[in-house]
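Can you read through this structure? Questions will come right after.
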Amino acid sequence: MVLELKIPHGADLDALKPLLPVLLAYILSFIYLGIYWNNHHHMLQATRTVNGKVLWANLHLLFWLSLVPFATGWMGENHFEPLPTAVYGVVLLFAGLSYTILQNKLVHHSKGENSTLGEAVGNDLKGKLSLVAYILAIPLAFVNEHISHVIYALVAMMWFIPDRRIEKKIHQ
Amino acid sequence: MVLELKIPHGADLDALKPLLPVLLAYILSFIYLGIYWNNHHHMLQATRTVNGKVLWANLHLLFWLSLVPFATGWMGENHFEPLPTAVYGVVLLFAGLSYTILQNKLVHHSKGENSTLGEAVGNDLKGKLSLVAYILAIPLAFVNEHISHVIYALVAMMWFIPDRRIEKKIHQ
Amino acid sequence: MVLELKIPHGADLDALKPLLPVLLAYILSFIYLGIYWNNHHHMLQATRTVNGKVLWANLHLLFWLSLVPFATGWMGENHFEPLPTAVYGVVLLFAGLSYTILQNKLVHHSKGENSTLGEAVGNDLKGKLSLVAYILAIPLAFVNEHISHVIYALVAMMWFIPDRRIEKKIHQ
Amino acid sequence: MVLELKIPHGADLDALKPLLPVLLAYILSFIYLGIYWNNHHHMLQATRTVNGKVLWANLHLLFWLSLVPFATGWMGENHFEPLPTAVYGVVLLFAGLSYTILQNKLVHHSKGENSTLGEAVGNDLKGKLSLVAYILAIPLAFVNEHISHVIYALVAMMWFIPDRRIEKKIHQ
């Protein structure tokens, strides 16, 4: 999962200036991918074996995450305009949905072995809140794109702290 | 194995429109690479040691898979025209052939240790059917390229379910 | 973490000449990334479990290291001019800072288990010296950029030898 | 280590034609990188621990291998002209040299533990022959570049068979 920053021509501050929105989008997406990476790491720590369904659920998540660099670049290079902002939200929404599906498949799959993951995930309030937030942010991008940007930032902040629920359960 | 989506200039729907065929090709190839990834994962789970021949058979497969992003991009950026469609099929055909070779090498190599993989693979009807399908799809691309697209999609659907044969054998 | 060299047009020495500064920057950054890779490898060898804070400290380091290819390319393609030289230093400074943070988090986290890492790191004189060097090099780039280049090279040389302190402690 | 094929504009055979030399260079380099990958795999199988010197020897090898895609692309896009052909040889020469250094470091490092690797490597005739071949091929590129291409192909063929010496020793 690589996010790309194009090297500007020219060596002065003017050459760097158009890069600022791209860098902002880059940071936001880096945090989002970091959140997925960390929670994914925690989730897989709590499971031991995988089956075909889990592998496909994982690839489904990977598909949407693989679109993040594209959505990031498009939004960043167009000064966070409405349509790219909405498309960015669509990618986040489907990434969130596919993460939920993977989580459910893992909980279901590991039920026989141990229920650590299932208990840890619980009712997954944070996950559901994020999906609702994305669903609101997508149409709101066409009303005022800044509302959507604030929503994306708030969701990222909410997830910034890795999933202590699983961490706690493992340590018990 | 990275598939690339070029970031369009402009932030409106018109800028996204030419990306649609590229995205379609991207999804098809993502599924194909996912199939290889999953079955490869299952196959290597059933084996324990590798030798030089297996490593080269694996690199041979990797070579053809490494051409998938190129073939995907070329087909997607040219509205699925006949020649790129046929070239895409050639790459799939050789990827399929090299996968069959790797499978045979692994079955042969692990014969002494255990015959799980050998039994699981069996007569490999799905593998042979895919190769026949690609061989038909390549010339048919010059008759009507849409026939080839349907064939590629059907083969992908046939493989979508990971190789339960091996999964079953392992669990026994 | 990939550093990129653009393929020049033309097959003579003139086509290679503008690549020389890019290659120099590439070598410098390769050594820097190698230093991080090696010491990171040593540091994680001395630790066994990670928690959420360590994962985020690691991603923070990764963020700054992910900007190295950009800073390298910008500096190399602009003949090591003052501003790109300073920006390169800023990226190195924050990479160094985030490495120190990761190190502290790991020492803190592994305190209960064993104090190998803590003892090995000690007062981390080399780490502190590097940060001071970067802080000096950034403004000096606008006085005379060559001073900064010499500083970057000296810091790289100082770190070239991997962290024997940890190596020694492990072997005891 | 990624080799890149640029997607041509146009969907006919004429669009593919200029890609032929690039594809040829791609195949040659894929085989070379495959040889390094396989033998590297075998070599590290015969060793158990690494130290700082080994890590740096490994990064040194990685540096030269990381230049292979650049040298490949430059040679392929310029119809295998003399200078790119010579530069390709220089990269191969230094990759070969750094591999020899890594091998020596590993033999030296693992001497205490077991001498499997040392015995397996022996006098490393193939390694020395390759270096001599590259040293001849580099200046010969300016006499007749095709001689160099034949030499590169012959060396690749000589190495195609993975290092059975180590494989044999391990199985004993």
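Each chain gets a letter, A, B, C and D, in the order it is written, and its residues are counted from 1.
The rule is simple: contacts are C-beta pairs under 8 Å (C-beta built on N, C-alpha and C of every residue); 3 or more make two chains touch, one makes a residue touch a chain.
Source: prediction; values computed, not measured.
Superposing chain C on chain D by their CA atoms means rotating through 90 degrees, a value rounded to the nearest 5. Different-residue interface: chain B and chain D share under half of the residue numbers found at their contact. The chain with its CA mean position farthest from that of chain A is D. As a whole-number value, the distance joining the C-alpha centres of chain A and chain C reads 28 Å. Centroid to centroid, with C-alpha atoms defining each point, chain B and chain C lie 39 Å apart. Within chain D, contacts with two or more other chains are made by residues 2. Annotation, chain-chain contacts: A-B, A-C, B-D, C-D (touch as defined at the top). On the chain B side of its complex with chain A, the touching residues are 2-3, 5, 7-13, 16, 27, 30, 34, 37-38, 41-42, 160-164, 167.
By the touch criterion stated above, chain A contacts chain B in their complex at residues 2, 51-52, 55-56, 59, 63, 66-67, 70, 73-74, 77-79, 81-84, 87.
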